[in-house]
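What follows is a structure written as C-alpha cells; I'll ask about it next.
Labels run A, B, C and D following the written order; every chain starts at residue 1.
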Amino acid sequence: MEKRIFTIESNEPVARDTFRLVLRTDAPVAICSGQFVDIAVPGYYLRRPISVSDVLPDGVILYYKVVGEGTLVMSGMVPGDTLELLLPLGAGFHPEKCVSDALLVGGGLGAAPLFLLAKELLAAGKKVTAVLGFKRADEICLAEEYRALGVPVHIATLDGSAGTKGFVTDAIATAQPVFDRFYTCGPLLMMKAVCTTLDAPGEASMEERMGCGAGFCYGCTLQTQSGPRRVCADGPVFDKEEILW
Amino acid sequence: MEKRIFTIESNEPVARDTFRLVLRTDAPVAICSGQFVDIAVPGYYLRRPISVSDVLPDGVILYYKVVGEGTLVMSGMVPGDTLELLLPLGAGFHPEKCVSDALLVGGGLGAAPLFLLAKELLAAGKKVTAVLGFKRADEICLAEEYRALGVPVHIATLDGSAGTKGFVTDAIATAQPVFDRFYTCGPLLMMKAVCTTLDAPGEASMEERMGCGAGFCYGCTLQTQSGPRRVCADGPVFDKEEILW
Amino acid sequence: MVKDLSVSLCGLRLRNPVIPASGTFGFGLELADSMDLNVLGGISLKGTTREARFGNPTPRIAECTAGLINSVGLQNPGIEALVSDKAPALRRIYGGVIIANISGYSVEEYAFNCARADACPAIDILEVNVSCPNVHGGGMAFGTDPQSAAAVTKAVKAVTRKPVFIKLSPNVTDIVSIARACEDAGADGITLINTLLGMRIDIKKRKPVIANKMGGFSGPAVFPLALRMVYQVAHACRIPVMGCGGVARAEDVLEMMMAGATAVQVGAENLRNPTACPEIIGALPALMERLGIDSLQEIIGIVA
Amino acid sequence: MVKDLSVSLCGLRLRNPVIPASGTFGFGLELADSMDLNVLGGISLKGTTREARFGNPTPRIAECTAGLINSVGLQNPGIEALVSDKAPALRRIYGGVIIANISGYSVEEYAFNCARADACPAIDILEVNVSCPNVHGGGMAFGTDPQSAAAVTKAVKAVTRKPVFIKLSPNVTDIVSIARACEDAGADGITLINTLLGMRIDIKKRKPVIANKMGGFSGPAVFPLALRMVYQVAHACRIPVMGCGGVARAEDVLEMMMAGATAVQVGAENLRNPTACPEIIGALPALMERLGIDSLQEIIGIVA
C-alpha cells in the first residue's frame, strides 16, 4: 500500500450519473481485479474507496456513480487536476481458481471491477460470460467494452428498457451460461440471490463504510463463517461460503 | 457591506515578505482610506482583514505581509484566481478635517492605507508629507509611489540601512515637517509614540483580531475614552484622544 | 410544489426555523443594512446582563480548524438598554420572533433581567443562558448541574409569561439530566448547545491566543456533538428544542430537525459569512424538493 | 543544528513524542509493510478486553467536517492474543515504546487484563481506557466519575509494576477532578482525550449513519477542546500527560507539548493518511528550527 498522486487524463459521463475516470501517474501501477483505490477528495475528511476497472501501464481506469458529496466533487474535476490515491488495497478476485469457464455477474457499477477480472481470465485462457444488471437502459455501462474483449454480455434491466426484464438471476436463467466458477459484484441483495441460487463455487465483492481502507482501524468488519473479517483488507472479495447472508 | 468575488490581476512580492495584490471585480468599488476588506482565504475558517491601499474604478490594491498561514496561502495565489471579499468595512480616516498640511506617519505596512489617504488629501488640495518607518531597507515599500504623487517622503529604518537611523519619531524630528493634522498607522508602540509626542490633532488606525469584521460579534472591542468601541466598525481609525494607550 | 418552511414554536409561528444565534448577530440592527432581516425565522439577541459589561480583554478571537474560539465575555449594554432601546428598535423593522438572551451572576439577577424583559412587548421569547463559558462565576456554572439549572428556571418562570428556553452548556457529563431538570422546573423549551470550552496556543509567541487563555469553541467542528445532544434531549423531553452548534448550510438544518430540533440557530457561521442565514433559508426549498419533503414541521424528530 | 526530538516519559526514553493512538493503528503489524515503524516514538495498540469481541454492527464509520465518528466498539482478539501473539510479534520488529491499551467491563476485568499485560515483556506501558463511548456498561462510565476512575486505577496499580496511564473521556463536566483522582490513586500518567460522543444523520435515508446511532467523534475538529483539557490536567497534576485529539501536523504536536503534553498521540489522522505519523515526525526538525527550539523536552508545558 502506498500513497501516490495521479493526474486526471479524462473524467467523462458514460451513463446516468456515472463517470469514467482515467488517471495517470509517473510510475508503473500494479493492481489486480477486485482490489480498490482510496481517493482523497479535496475538502472531505475521509477517502472514497473505488474499485479498479482497468489497469494501464502507468494508470488506472475507474467508474464511479455520483451518490453523494464526494463523488459530486469528483464529477466536477477536469483533466490536469490531480488526486491522491492510496493503493493497491484489498484482496481481490481469484481468476486462477476458475477451471475453464467463468461467469461474471455484475449489478450496476459492479460491472466495473469485473471488467479487469474478465481481462485477467481471458489472458489466462479462460472462457468468460458476463451478465450485467441495471435499473434501466440509461444506466448501462461497460457492456460494449466487455463485448470488445469478445465476452458475450447478457443484460437485465429492472424496467425492461434493455435486455431481459428483471434481475440478473432472470437473465442467467434465460441465457443458461456454462461456467465452473462465478464472480459477482453489485448490491447486496443481488449478490445474495446469485450466491444462493448458483451452485458452482463463487466469489462476491462486499461493500462497507470504511475508515482507513487499509486494515488497521476495524471500521469495516464483516462477520463471516470464519469469524470477523475486514472488508478492506481480508476482502472486499470473499468466497460465497464465507458470507453470512 | 457586501460580499463580492474579485479576480487576482497581479500578486507580486515588492519587499521582504511583502506582496502587492491587485484585485478586479465586475462592478464599481466604493471604499475610502482607512477602510478595509475581509478576505476569505480558501481552507481557513475566518477571514483576513487587509486595509485598502488604493482604489481602482473596478478594483482595489492591497499590500500584505506574510506573517502566518492565511497570508502564506495568499502569497501562492496567481492571476486569474478568485477571492471572496467582504467590503467596505470600518470607519476610515478623516481627510476633510485637515486644514491645509497633513503629516502621514506609517510603520511597516502602515504605509499602505495612508497611501489612499494621501491621494484623497491631494485631491482635496491639501499638502502632504509622509514619514515611513521600516525595520530595514529591504522592507521599504510604497515610498516611490508616494513620491510619484509628489509627496515628500522621509524614511526611518531601525538599523539605519536607509534614511534616518531610528524610529519615525526621529525622522520627524529631523525633517521638521509642517502640518496641522497627522494620521498614523503601524505598530501600536510606534503609534503611541507618535500620538503622545506630536501635539497637532491626529488619527490612528488600530488593529485587533477579528471575528465578523463587521460590527456584530464584539470580538474586536477596544476600551476608549468614550467607552467600548468596535475596531472593525467604530474604527479602525480613532482620534488620538480616544485611545487609552 | 410550494414548500412550507414554517414551524410552530411554543405557539409562535416562525416563517422558517432559521435563527441567528445569540452573540453572532449583535442586536440585529447592525445587520439591517446588509440584508432583509425579515427573511429570518427569528433573531436571538446578544446576551444581556443587568449592568453593562465591557467583556474580556482582547484578543477575544482565535481561529481553529472548522471553527473559532470566542472570549467576548458577554460585552453588552445592560438589560435596560435592551428593553428600552435595542429590542424596540429591532421590533420596528423586524416582524419575526425576537429572542432575548439573558445572562446573570445569580439566580436573583436572572430573575430580575427576565422580569424586565417580560415587560418589553418587543420580546417574544426569553432564552436564558446558563452556559456561557467566558464569564467567571456567572453563566456556565448554572448549566453544569441539574439543581442550579432548575433553580434558575423556576426563578425565571415565576416572573414571566413569555416562553422561556434554557440554553444549556455542552461541557457536561450528562446533558439529559440537566435538560430534564429544566423541563421539570417549568421550562418551555431548551436551546443547545452553547460553546465548548477550548484553547489555542500561538506556538511562535508561546502563549495562548486568547487573552483569557480559554474561550468558547464553536463552528462546523462541533456539529456532530451538538446533533447528538439535540437528539438525546429532544427524545428525553417533551418540550421543544432549538438546535444550535456548527450549523452552516441547509443540509445541517434538516439534520438538526430530523434529530429533534423545532428551530435551528446559526452561530459562528454568521461571523465568516454575514449572509449565511438568508443563504441557508434560500437553499432550503430546493433541498426539500430533492429529499421529498413538503413541510419542515413534518420532519421534526423523524429519526427515532 | 541537530534537533533533539527525544522525550522522557516515566523513565522511558522515546526517540520522539509521536505515538499512533489506540485503535487507529491496529497492532502496528498491519502497517509494518507501509512504513518504517521504528521512526515512531511509541505505538499504542488497539484496545483489548478479556474476551475476544466482534464489536458493534456496521456501519461503524461516519464522516464529519474535519473528523469522523467511529463505533468500532472495541473489536479485538482478547487479552491472551495480545500478550501471547500481537505484542511479542510487534516487539520483534519494533524497538520503540509499546503501549497496551486495556479495557474492561468491571474493575476486576481491568485488573485481570493488566495483570496479564504486566507479565508480557513486550509491553512497556499500560494505557487503561476508562473512556470508550462505544461500549455499553464498560468503558466510558468508569471515566466519567472520579471515584470509579480511581477505583480502576488502584486495582490496576496493584497488579503491575509497569507505568500505568489512565485514558480519560472528554465527555465530562470536570476533567481535572477525574485526573486528580487518578493521580491520587497512583496513576503514573494520564492520556487524554478519548473521543467525544457524537452523531450524524443521513438526511436522505432519515436514519443515523452509524448502526449504533452514536459513536466516538474525533479528528482535527476536536483539537481545541483536547488542547484545553491537556492544558488543564497538565497544570493540575504532577504526572505526565500524553496529549491526544485532533493532532494532524507537526504544529499541533508542538502546541500540545507547550500546553503540557510529554508525548502526543495521533488518532483519526492515521485513518485518512496512514503515513501521517512518519510525516509529522519528519516535519518536526524544520519546524523547530523556524521556531528556535533545540529540544522538545524543553517546551513541555512552557505555556504557564
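The rule is simple: contacts are C-beta pairs under 8 Å (C-beta built on N, C-alpha and C of every residue); 3 or more make two chains touch, one makes a residue touch a chain.
A quick note: this is a predicted structure, and the numbers were derived from the prediction, not measured.
Student: Can you list every chain that touches chain A and also touches chain B?
Tutor: none
Student: Can you tell me which chain lies farthest from chain D, using the average of the Cα atoms as each chain's centre?
Tutor: Result for the farthest chain: B.
Student: Please report how many Å separate the Cα centroid of chain B from that of chain D, as a whole number.
Tutor: 47
Student: Whole-Å distance, chain C centre to chain D centre, using C-alpha means?
Tutor: So the centroids are 34 Å from each other.
Student: CA centre of chain A versus CA centre of chain D: separation in Å?
Tutor: Here chain A and chain D have centroids separated by 36 Å.
Student: Show the residues in chain B shared as contacts by 2 or more other chains, in ascending order.
Tutor: If we look for residues of chain B contacting two or more partner chains, we find none.
Student: Scan chain C for residues touching two or more other chains and write them down.
Tutor: 62, 64-67
Student: Chain adjacency by touch: line, ring, star, complete or other shape?
Tutor: If you draw each chain as a dot and join those that touch, you get an open line.
Student: Going by the touch definition at the top, which pairs of chains touch each other?
Tutor: A-D, B-C, C-D
Student: What part of chain A is in contact with chain D in the complex they form?
Tutor: 1-3, 40, 44-47, 86, 208-212, 214-223, 228, 233
Student: Within the complex, which stretch of chain C touches chain D?
Tutor: Of all residues in chain C, those touching chain D are 62, 64-67, 69, 144-145, 171-173, 196-201, 203-204, 206-208, 213-214, 217, 220-225, 227-228, 231, 246, 251, 254-255, 258-259, 291, 299, 302-303.
Student: Quick one: which bits of chain D touch chain A in the complex? Just the residue numbers, please.
Tutor: 23-26, 30-31, 33-34, 46, 54-55, 58-68, 70, 72, 75, 209, 219, 268, 270-275
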